[in-house]
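Labels run A, B, C and D following the written order; every chain starts at residue 1.
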Amino acid sequence: MHSQVGVVSLIQRYQRIRQQSLALCRSLSAEDMTAQSMPDASPAKWHLAHTTWFFETFLLLERGHKPRNPDYQFLFNSYYHSKGAQYRRPLRGLITRPGVAEIIDYRTHVDAAVCRLLEEDDPQINQLVETGLHHEMQHQELMLTDILHLFSLNPLLSAIFESGGETGASGSCPASTWREMNEQLAEVGRDRGDGFVYDCECPRHKIWLTPFSIQRRLVTNAEWLEFIEDGGYGDPLLWLSDGWSCKEKNNWHAPAYWQQKEGCWMQYGLDGLQVLQADAPVCHVSYYEAQAYARWASKRLPREHELEVIARAQKIDGNFLESDHWRPRAVQDAGANQLYGDVWEWTGSAFQAYPGFKAEQGALAEYNGKFMCNQLVLRGGSCVTPIEQLRSSYRNFFYPWQRWQFTGLRLARDD
Amino acid sequence: MHSQVGVVSLIQRYQRIRQQSLALCRSLSAEDMTAQSMPDASPAKWHLAHTTWFFETFLLLERGHKPRNPDYQFLFNSYYHSKGAQYRRPLRGLITRPGVAEIIDYRTHVDAAVCRLLEEDDPQINQLVETGLHHEMQHQELMLTDILHLFSLNPLLSAIFESGGETGASGSCPASTWREMNEQLAEVGRDRGDGFVYDCECPRHKIWLTPFSIQRRLVTNAEWLEFIEDGGYGDPLLWLSDGWSCKEKNNWHAPAYWQQKEGCWMQYGLDGLQVLQADAPVCHVSYYEAQAYARWASKRLPREHELEVIARAQKIDGNFLESDHWRPRAVQDAGANQLYGDVWEWTGSAFQAYPGFKAEQGALAEYNGKFMCNQLVLRGGSCVTPIEQLRSSYRNFFYPWQRWQFTGLRLARDD
Amino acid sequence: MHSQVGVVSLIQRYQRIRQQSLALCRSLSAEDMTAQSMPDASPAKWHLAHTTWFFETFLLLERGHKPRNPDYQFLFNSYYHSKGAQYRRPLRGLITRPGVAEIIDYRTHVDAAVCRLLEEDDPQINQLVETGLHHEMQHQELMLTDILHLFSLNPLLSAIFESGGETGASGSCPASTWREMNEQLAEVGRDRGDGFVYDCECPRHKIWLTPFSIQRRLVTNAEWLEFIEDGGYGDPLLWLSDGWSCKEKNNWHAPAYWQQKEGCWMQYGLDGLQVLQADAPVCHVSYYEAQAYARWASKRLPREHELEVIARAQKIDGNFLESDHWRPRAVQDAGANQLYGDVWEWTGSAFQAYPGFKAEQGALAEYNGKFMCNQLVLRGGSCVTPIEQLRSSYRNFFYPWQRWQFTGLRLARDD
Amino acid sequence: MHSQVGVVSLIQRYQRIRQQSLALCRSLSAEDMTAQSMPDASPAKWHLAHTTWFFETFLLLERGHKPRNPDYQFLFNSYYHSKGAQYRRPLRGLITRPGVAEIIDYRTHVDAAVCRLLEEDDPQINQLVETGLHHEMQHQELMLTDILHLFSLNPLLSAIFESGGETGASGSCPASTWREMNEQLAEVGRDRGDGFVYDCECPRHKIWLTPFSIQRRLVTNAEWLEFIEDGGYGDPLLWLSDGWSCKEKNNWHAPAYWQQKEGCWMQYGLDGLQVLQADAPVCHVSYYEAQAYARWASKRLPREHELEVIARAQKIDGNFLESDHWRPRAVQDAGANQLYGDVWEWTGSAFQAYPGFKAEQGALAEYNGKFMCNQLVLRGGSCVTPIEQLRSSYRNFFYPWQRWQFTGLRLARDD
């Protein structure tokens, strides 16, 4: 990247990705962008401000710039204790001021300063900007899932996007087949310096894989309906103990955003309320539900590295944010395996440090390491993940009860 | 009112009062009008919609009109079970759609239909409209207190209005003196037909008053500071048992919206953060705090009818919404007694039915009667109460722990 | 009482009442006496210790005695801030030590010292002992209701007592008739010195009663069943707003301790699980339920002084603790009015200070005054109230959601 | 075991282990055995009944015996959905009946029937009894930790046992040294049939270990004090995000059962309140605290298999329940490594299924598998673990916030 071409290209990329965050809000009102539907979610406008705070704080303030507004340092810091106090997370929906217009000004102001810095073509700056862009892309996805959750609680059930992509023809979904893998000493993870990578993906290290098989496609809505109709949500013997309590407390009877309307299953999504598509991958299920489904099927969830060794050999391609499809899509042909895109796949692996893990230096040490408890790894990206963000070693992580992300599953078994 | 003049006058009054609701939002953004800061409060925009729903539901739909939007019947019904299900109260801040613009359209649409109906000069319609206007004025006050609460949680602490009224000169506040009253058989409350009146103020009935004295002015900030400095917030023997628990749980050390800044007490209000004015009436205290103060002073809170018999003999005048002052104001001269305006005065009387109480007929039966438990009566109106709304028999009511309204006190004693 | 006879009689009374507390535990194991079923209830053994602490603290320690055990001062203080810190109320079931045997020793020790003091025939001592005995009798009733609640949560549903009294013949209950009362200036309450009296009953004072009628007997189980069968628990228009929320949250469909067994209504009580007796007074209903019942019947609950003026003219007689009946009993003949005994009657009156109220001096100031908020007055005593404790001016008080006491109702109306 | 000697030996072992449960309660009153101090804990008496229920349900009822009391099936089932409904866990302290005496009768009754069955020397019966005895031993430890927690909340802070073991001489604790391990393909876990083993320890399988070092002894109280004095409990950068929230909410400033008394650190334990012994292993710390300590020391917690491969080569010996010492003990000489006994060691490994894991058949499938989420593995046993229960492959598991068990840690590092 240390060339004039590199500089131009990074500035352009910066502008494109930053612009994309705004473009995703194109059909939202300032009111839509202000509300917070639950503590796990944040207002769209807060995402726009926080990602800007990220560049301002880690790049500009470190280089002597003055903060645009000292209150923003408090309001838009997410969880970085090393950067001072934070406005209480469950109250983010109360930040009616600054308004969207002022936040866009804030973005413009910071973007100009960042682009000026980028002209220096300083490797350290470039690397921080790269991190900031990956952070921005993560928040693009979060912003969409948060908006979806918010809109799902409004009886109007508005469509946020018009689906521009082709739908997988219903009924064309091939039966699931199994790919068998022998036991092996494998290498997983990635080393720093080998392209952009988060600390939690490092270092590359050896693991021993025992023999296993894995489904060639994702579990579908039709298959999930069988689970429901077989009483899956009513049989405690299928569930983890914590899962059963959670399900009972929250009164779950189907994936999130499903509803029955005159006997017909419908699914609310970014493109509005639609008839449930039988062949599309099931989506918006918690780990608890995924695990109960797997036990019902007498199988198990894959471990994260079982997915990684297979995914690594594949081209990163699939139904991502760029598809403009806004929903997981039925598998198109028998060859496709949906290892990338459509839905984040729950794995049975706890999110924990790899052997040799070293947290990022400085303030970014808080980025991943402190979340290595109580969460499960998900792999593969979803239909609202920007494709540039994905890698075969990418580890996403959520709590087992969360289901407002685009989360689904495929099955595995021990051989 | 059954005359052409009456019709014209009611239509004009309708338009003036409805317009006032919008005018109070003049400095608010759509974002400001959407957020809900706590379950007790509602978004400004919800108030605008709900008061419109009130006219639509109780007037227009009863006369065969179609609802503007069936979803509004659900979203903007507050608590009228007889009018169907209601969107969950603590989620009102999630109603990003309809937007403010659509709600203003809704108001315009309903206003036109109501004004057409008013031309019929039908006594029943006129009476319902009268009720709707009083309801609207109640919500004007609630809207202001809710906005104040919301803004108080934002570190920017913006001013919402510029104070247009004159300030009572500091230091001029006369010492409190006592007015003595003999025992007597008095009449309180009001009968229907005697001007506009809520069901809970009726009927006029006899009560026996034992001898008492009452302070000629409200308790001031300076007096409250003495209470604080004397350890009032730390002595459980001064407090009601429930009051002490509440104070401990909420960590109260001063009235709401007070803060110390470099050793100086400041008070946030609709006109921003200001130095605490010693002579102004104390405001934003809960019943629990008011009661502890009274015990500290070896006095008690007045009973509601002690205030009523005195207030009835006075002209309704004082620091109301129309003063554009936005804060309680220090008493101006020794003659003033602040029985009207400035702050709602906590009484020691539980909000309960009068002998002979009959709830309003029909759906409006839910207006007051079902709240006759766990709440205390407040009297006199505040600096954000529209003056037209007040009567000497007017009974406001809140829970003893609530303090986001403009609530204060004066002392009484048994003689 | 200042005579040898008086001394002997007070000592004997002291011993009899103190002994009665133990006698009520005769069928309880040490384990039964240790558990606490909810924060509102206390273990039987704690009641035995706390009433002893009361005599020790207010009588013995004030006269220079050493505490039996300094830890008891902390463990068995209920809510007297003036007497130091208290063990947290919801944890009382964790006080496995001291054991029942040690607590009985504690009682014996304190009783001996008190009896020695009583021999001085000092009026101040005598009065304190009198207060302690009334306090002891209050706790006898609480102990029984707490034990009942505890046992009701155990599937064994053991009988604690065998009913020794005669049962009102079923079917003999006369229809309810109304007693009419004219408007009048009445006197209620009582003055100090006029026999034993709590501060909250004082002073005697005038009130104006508007005309009303009142039922001659209590509402029965049969009448309550009509309310249930008419959908009373399902119609929000009958309920107070707070009452409806409470009912929904707690999933109430009938009074406490009722259950249906093969289509037959049963009622658990101190004498075990019994078939519901149609003519017996309904019992274990909350104020919220009582109020909904009254609205369903187009009547209201009596005010406390309406009951007092009628009760004052009657001899205190009825189904009390001494009847050994352990349940409310059907009215025996048309003349009986059940104003005393059977069940505490919910009134529509908030528990508040009378005009001229002065709290007891010293530590006993915390006895009643600090509870004058959020609670309702109940009148008349119940089948587990010691008869000596009752007076026509006696004001019991509970929160509107509580129903583990023996609480019922009669109806009133405005004339 | 299929020999007369085997039969006799198993019956004797059965009687010895069952008797041990009672012996551990020798200084407890019936009241002590009834209370439940928190939902995580159970009353001692419930443990005695539940372990009996286990033999009755899985052994006797399966062979046609009648239940001793059908209510016991409900009251003493812990979490086996396949065996019917369960009394609500947080209410176990309300089971005052059956009393301790009846529960001992229940034990006697079931023991007699089990011993008769054992005479058949049926391998299936023998295996079930073996499982029941291991289950019994687990509950012996739980019973002690639950009693400790209960007694810790009583201001009397009674000693439950007198320490009979020798104390490690203070000051003699050697500095911690590191044992280095090379990378290797190791085998961990155990196969069925290879002695008694739980399903979650199976099957034996290969794993790849990257190079690491591990401390030769446990972290001591003295070392933990350094962490406290260095502000470890106040620095969010050391803590997991969930850990910091938990610590703040629970106001933790030191391990459980520590208190300062006149400037001196004391530790409450089964042998009462004692001066903190500097060289003894730190105990009663949560995973969250252990992890913060490790980060403060720039190290990490061991992974479970790092401990297993080392422990497997060692004789199972150390400070166990049989030592009668009741506390973790300072290391005696440089050779000792405390891999067994003293405290359960937190590992950084989530409790998850091994490759090839198959849950136990039938009702015992609920024993371990359904807890494989949100919990961490602990290794090595504690000073209150019966030594017979331990194996090098034994996996204990608790939630990261729990600290009422005898839990401590040693450090590891990547090489």
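Assume a residue touches a chain if its C-beta (ideal position, glycine included) is under 8 Å from a C-beta of that chain, and two chains touch if they have at least 3 such contacts.
None of these values were measured; they are calculated from a predicted model.
Q: Starting at chain A, figure out the least number of steps needed to reach chain D through touching chains.
A: The least step count works out to 1.
Q: Tell me, please, which chain's centre (mean of its C-alpha atoms) is farthest from the centre of chain A?
A: Most distant chain from chain A: C.
Q: Chain B to chain D: how many Å between their CA centres?
A: Distance between chain centres, rounded to whole Å: 59 Å.
Q: Quick one: report the Å distance separating chain B from chain C, using the average Cα coordinate of each chain.
A: Those two chain centres are 38 Å apart.
Q: Any idea how many Å lie between the Cα centroids of chain C and chain D?
A: About 46 Å separates the centre of chain C from that of chain D.
Q: Could you pull out which chain D residues touch chain C in their complex?
A: The contact residues of chain D facing chain C are 29-37, 45, 71, 74-75, 87, 91, 93-100, 150, 153-156, 158.
Q: Tell me, which parts of chain D touch chain A in their complex?
A: Chain D reaches chain A through residues 79, 81-82, 183, 185, 205-208, 210, 212, 236-237, 239-244, 287-288, 291, 300, 303, 348-350, 352-353, 355-357, 365-366, 370-374, 400, 414.
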